[in-house]
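First chain written, first letter: the chains are A, B, C, D, E and F, and each begins at residue 1.
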Amino acid sequence: MLNKNIETFIGCGAEYDAASLVISGAPFDSTTSYRPGARFAPAAIRHESYGLETYSPYQRRDITEFSVFDSGDMELQFGAPSAALSDIEGRTAEILSDGKIPFLVGGEHLVTLGAVAAAVKKYPSLHIIQFDAHADLRDDYLGARLSHACVMRRCCDLTGDSRIHQFCIRSGDKSEFAFAERHTDMHPFGFDKLFETAAALREKNTPVYLTVDLDCLDPSSFPGTGTPEAGGVSFNELLEAILEVCGANIVGADINELSPMLDQSGASTALACKIMRETLIAILKNK
Amino acid sequence: MLNKNIETFIGCGAEYDAASLVISGAPFDSTTSYRPGARFAPAAIRHESYGLETYSPYQRRDITEFSVFDSGDMELQFGAPSAALSDIEGRTAEILSDGKIPFLVGGEHLVTLGAVAAAVKKYPSLHIIQFDAHADLRDDYLGARLSHACVMRRCCDLTGDSRIHQFCIRSGDKSEFAFAERHTDMHPFGFDKLFETAAALREKNTPVYLTVDLDCLDPSSFPGTGTPEAGGVSFNELLEAILEVCGANIVGADINELSPMLDQSGASTALACKIMRETLIAILKNK
Amino acid sequence: MLNKNIETFIGCGAEYDAASLVISGAPFDSTTSYRPGARFAPAAIRHESYGLETYSPYQRRDITEFSVFDSGDMELQFGAPSAALSDIEGRTAEILSDGKIPFLVGGEHLVTLGAVAAAVKKYPSLHIIQFDAHADLRDDYLGARLSHACVMRRCCDLTGDSRIHQFCIRSGDKSEFAFAERHTDMHPFGFDKLFETAAALREKNTPVYLTVDLDCLDPSSFPGTGTPEAGGVSFNELLEAILEVCGANIVGADINELSPMLDQSGASTALACKIMRETLIAILKNK
Amino acid sequence: MLNKNIETFIGCGAEYDAASLVISGAPFDSTTSYRPGARFAPAAIRHESYGLETYSPYQRRDITEFSVFDSGDMELQFGAPSAALSDIEGRTAEILSDGKIPFLVGGEHLVTLGAVAAAVKKYPSLHIIQFDAHADLRDDYLGARLSHACVMRRCCDLTGDSRIHQFCIRSGDKSEFAFAERHTDMHPFGFDKLFETAAALREKNTPVYLTVDLDCLDPSSFPGTGTPEAGGVSFNELLEAILEVCGANIVGADINELSPMLDQSGASTALACKIMRETLIAILKNK
Amino acid sequence: MLNKNIETFIGCGAEYDAASLVISGAPFDSTTSYRPGARFAPAAIRHESYGLETYSPYQRRDITEFSVFDSGDMELQFGAPSAALSDIEGRTAEILSDGKIPFLVGGEHLVTLGAVAAAVKKYPSLHIIQFDAHADLRDDYLGARLSHACVMRRCCDLTGDSRIHQFCIRSGDKSEFAFAERHTDMHPFGFDKLFETAAALREKNTPVYLTVDLDCLDPSSFPGTGTPEAGGVSFNELLEAILEVCGANIVGADINELSPMLDQSGASTALACKIMRETLIAILKNK
Amino acid sequence: MLNKNIETFIGCGAEYDAASLVISGAPFDSTTSYRPGARFAPAAIRHESYGLETYSPYQRRDITEFSVFDSGDMELQFGAPSAALSDIEGRTAEILSDGKIPFLVGGEHLVTLGAVAAAVKKYPSLHIIQFDAHADLRDDYLGARLSHACVMRRCCDLTGDSRIHQFCIRSGDKSEFAFAERHTDMHPFGFDKLFETAAALREKNTPVYLTVDLDCLDPSSFPGTGTPEAGGVSFNELLEAILEVCGANIVGADINELSPMLDQSGASTALACKIMRETLIAILKNK
């Protein structure tokens, strides 16, 4: 008898109960102010992951050594950021309460807020490490407070000051940089002080949420994103940074802002798959 | 001394006070459930209109014979359908109260609701003629009542039964077709009864709002739209229908659902420009 | 507890045992001589089918009224036509022996040979109805006898003369047209005599395999195919033809030769989804 | 010993001396006012012609039955219309003086002027049949008299009044349509009176130059052109018109305005190849 | 009352009289010998600049602190390089005579010649700094002396020897490199000696015209150009070089050779916008 | 009299007898497991090479100083790897036996096996230098032993252990890396030990076959390939490595895995042309 057609990220075919990490897709991009399309990322990443191997020559580990469950995409209401965030928070809370690590695949960067809201409830001392081209620290954007351009500001509302460590930032208005000076730990342009930051968090076993806005990469490596911002980091730099950070106590993570249709060569989607494989292995091998 | 760089739809350079028709762009597509991008249509149409002539050999009139003002695009909040509709209604009401005809360029089809809300206040006996592949008659879509998939249902809430004349419809769920049988005047697939309908409205001088969802066209003519639905009408059929309908008392109109990035040949945008030129001339020559 | 991520063609979520029709993807295009890419069609059709409704206003039936199982894609060896055809024949035979109708989604047209090989064993009096721009009647192509350009010639080897009814053919070398005069029932360019052919088969309850090479369509409607051939039929003509043919005793069917990456507007894939929905409903409502 | 790599249009491998028709590419598009790219057409047509068969089921003839020489592309100076036209006129005159039929592959429509200049010198009673969306009858365009938008006006300067028969025209400014009424034989929109016109020319054995601006086709069939103009003819209509016209005494011909990069599906280039094959056979079978 | 739709580069909304710098678009690419499309760059840059912020974290300045006027695009005659250059020289001279800095946005690189012709009249001791992959030093190209491939040779005719400082050059024929040894100051491949060159010019307060052919960048960062040439500089290297050069006395500048349609991800256009913002701020903050 | 249209790689117009190097295209990609299209590379490289100069400023030599013959593309049977390899081996053997250097342009990487099979017969002590993202060391792939994923394993069968020097490898399954430890000389990720390896081969005058899978490059430089793998080398690094290796006794070479349609900017094809020009010059200047 023939089997049903199950689609997962490559090598992530575990059952829910056995899994130590759970992938969820958040195909939402309604507040994207420029070029939408991040909604297509979770399905594209899952589908294109089969162009990858399961083995990482960087970490000399294979993702099939670990138990990962891929729960597919959430059905989120377009045009209703508040409802969408509530759904994301709900699923994330369920995964956390089952003792598993939630791994979210955006979607626009706003989706991070739903996952962080759940994580900070379980881990009140949560720190956030953000890799991103944009500060995302506006208090509102065209009047909206739930916008991709405000997501880290809203996270800061939840975590309090000095808990968000921002790297690779090279775009924002003047007020966002001013806010960062007072409220976050911002390292503009690249990964300056990344190793020190990671080491400090690791030593104290601080619970860390890692959010990777893939536009932290230079558009030469990653053109498939809504707001490409020249002057970013290379794939090798990002990989090294992720491996370093995952030595800390990662309690949740996401990657976001791939817009697959904007890079019809497929190279951006393939890179996102590879970053995801490496991040999953790095988180899991350290548990 | 050099001049500022003013961009309008071709041949539409009148001053506001002198104009009998006013163009407004509504670059909104936040509730689009499938492939977004209609937000880019107003700017693309304005820009690409310069590949057209101002003269219509079909109507043997030139758009420069009339006075049209192009007010540019509204700045609408992404992810906030209610606020966006309110802004559209406001601008439409202003234009109507100045005795001019509002002509809206979407954006997704939901934007029509803002314009109709203003029009029905001024013209309580308003009828609507809709050219569209999709019925757009759901009561809600994934829980949202302000969605492109519900826009004509919401218009029906405003106009009451039997005031909406639907043509070219070839997609919807079973309940939408059932609703249409009881509440609207639906003519599926093509323009069957279009001439009779237009004639009846013309005779009674009924105020008519014309909404053209460009996906009424067959995707062979118009692939540049979020949800292409095979089996539609040709350009010549649509042109003939518009010329016929514009013999009635048109008090407002829109075209919507062009998604320019989805047709990189530019043919869909060029067609939208031509339909817009012909519609503008047809409305204005009958005033 | 969260569920696994199951992907099917829209509305085709039945269990295997309950199903009367079984969908299989055949992502194979190794003998394509011009532009490959049909291998991506089954996954694209399944994924993009969610832009459709399950309800057909043409047939006033909903695909959810029937029981269809989607078995996903076969894992076929690239560069090995003989092995791939053997795998397709094996799966088709299994479905037929369980009393269900096999519905194959190519891939290049060669995949039809595997399904026909199984069907003709169960139904020795099998006829084939082929909609196609190309005759596909070469005895070999650059020395290969298992090639997309030879597929109907190989089918003819299995069924014997006068059993293949070819429509829409408008390309081939001189020898193929000569072969057709002696061995097949060819109707070039369009659907001339389609209704008579279908009626005759229906009357005798002849078992019929329907193979739809989507390049029978005019490239204006369906540019997303490896060898677009101008002068084909329209969507409405193809739909009407399929509805007519499905009144006969269809024992197996396929659609093939969509190459999704060649039409980046998505209109070709959307059309293929719609033709597939209509064909599934038409086959099943007549059982 | 290995052979040199010779590229010709499919089936056109004759030697120059033996040939009755000579193909020349004119990769020029410097006066294109909107979207350039027609310069790439001759190479693309030659290359993609191998997706076609040499056999025409429409005419039941094979292009290999005739002797055609493909002389490759001329090296024309970009940005220098006058020099480019002089080169085209020179090569055309050489072909004509050798008693062969020149067949030009544009490039933008301006290239026709070079070929017509040579043809009208040999055949002072030359008539021109033009299939085109645009009248091309301006006296100047932004000050330039050698522009694609003026090409038929310049031809009219050479042939005199009433010698140019224009079909499918659906774009131009008011003055061009006025000029046509006095000086050319214009049939707007389609092929109305085409058969009568062709019959009259055939009866008198008038020497005819046929110029096919492929944008006469509807953009649904032919999106790959710089200025797509909705409302054109279908492939089948154009084919029928060409077969009819080629019954007259064709002394030279061209096809132009394919811009291959604008239709990345390849369907426009494939159509141009097919029209070229059919035109070549139709001209040659009537000699 | 509604306002007219004015389009400018982001943050450049000053009145002409108040402005110290004036932007002009030069949408000309008629001599492009390979892939045209640079004509679309000025409109694309203006439009896409709204994906940027007005604030530069690199220079910690905001473009709105300065007064820039955007005069829109010149209407240049295609196919007539001499006329186009004359128009560019005229507008540049007007801006210079009003005591403002002209900033030209190409178009192909030939447009620089018009601006330099005006600048060298006002500043006879003018030096030029050129960032470019190509030497552009041919005396003629296929017979044309006004060609993108000859532009710096023509500039050298105007400035005299040793006044042109060429960086990043990695393409040319043998004779161009030989010419450079005798007549220009060429630094192949990268920015070797850039700082020394800029320092020397700054010390003497030499008037400098800066021309940035964006293909100086590596195609990984900037694929959207007609003749991509591997082996170029990175965005960060180019940015640093521009900031350095703008410490000198810049009296005019341009960026050119973006061809937006060739990079459909939008990353090339976004990079051009960012380089333009940084260059504008760098020039203006040093005045 | 007009000439036939001969197409060669730029500057490679020598006669066969005079040539010291012979280019052959191998347009084959039937075993490509992911995204096909490498079959289009040889024609694209030949066509687009005219955007390059013949002069190399890196080596200060011009390709026209050498004698290269371009024999065009082989006509290889799709779907029949064994037959295709046999044809490639045959042509390569012919070139080698005439005392010339064979230079193959793929196609997928499997084509290398045909050329190596011929080379190892003439040069039993042959070593291979491979630049590649993928190890290509599987014993079979989905059951096939003649697959792009197995090509270096098959080469290893021919050369014996320790003769294959692999650089830039960053993808493979665990077993491939284990095989490499025992049987090949693998240097993962980059060009570590490249200079030492080249020096040792040069000193012993070992016959070397150089195979460049262009996906060794980072996808930022080279997105136009079927399986882009982030983390590769830059153009400048690859160029330097090739110049170094070509100091050894190169007896045959190939470049492969460009898939031109996947990078519609043309930058990948342009880079492949430039790498080919530099490799040709580097091989020939050292003879």
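One rule holds in what follows: a contact is a pair of C-beta atoms (placed from the backbone, for glycine too) under 8 Å apart; a residue touches a chain by one contact, two chains touch by 3 or more.
Source: prediction; values computed, not measured.
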Shared interface partners, meaning chains that touch subunit D and subunit F: C, E
Interface residue overlap between copies subunit C and subunit D, same or different (over half shared): different
For subunit E placed onto subunit F, the superposition rotation in degrees, Cα atoms, nearest 5: 120
Distance between chain centroids, defined by C-alpha means - subunit A, subunit D (Å): 56
Subunit D and subunit E, separation of their C-alpha mean positions in angstrom: 39
For subunit F, residues contacting two or more additional chains: 218, 220-221, 263-264
Graph class of chain-chain contacts, one of line, ring, star, complete, other: other
Contacting chain pairs - touch in the sense defined above: A-B, A-C, A-E, A-F, B-C, B-D, B-E, C-D, C-F, D-E, D-F, E-F
Subunit D partner contacts - residues on subunit E that touch it in the complex: 29-33, 36-37, 39, 75, 77-81, 83, 142-144, 146-147
List of subunit A residues in touch with subunit E within their complex: 34-35, 169-174, 177, 188-189, 218-221, 223-224, 227-231, 262-264
Complex contact set, residues of subunit F against subunit E: 50-55, 57-58, 62, 218, 220-221, 234-236, 239, 263-267, 270-271, 274-275
Complex contacts: residues of subunit A adjacent to subunit C: 1-8, 16-17, 22, 24, 43, 46-47, 69-73, 91, 94-95, 264
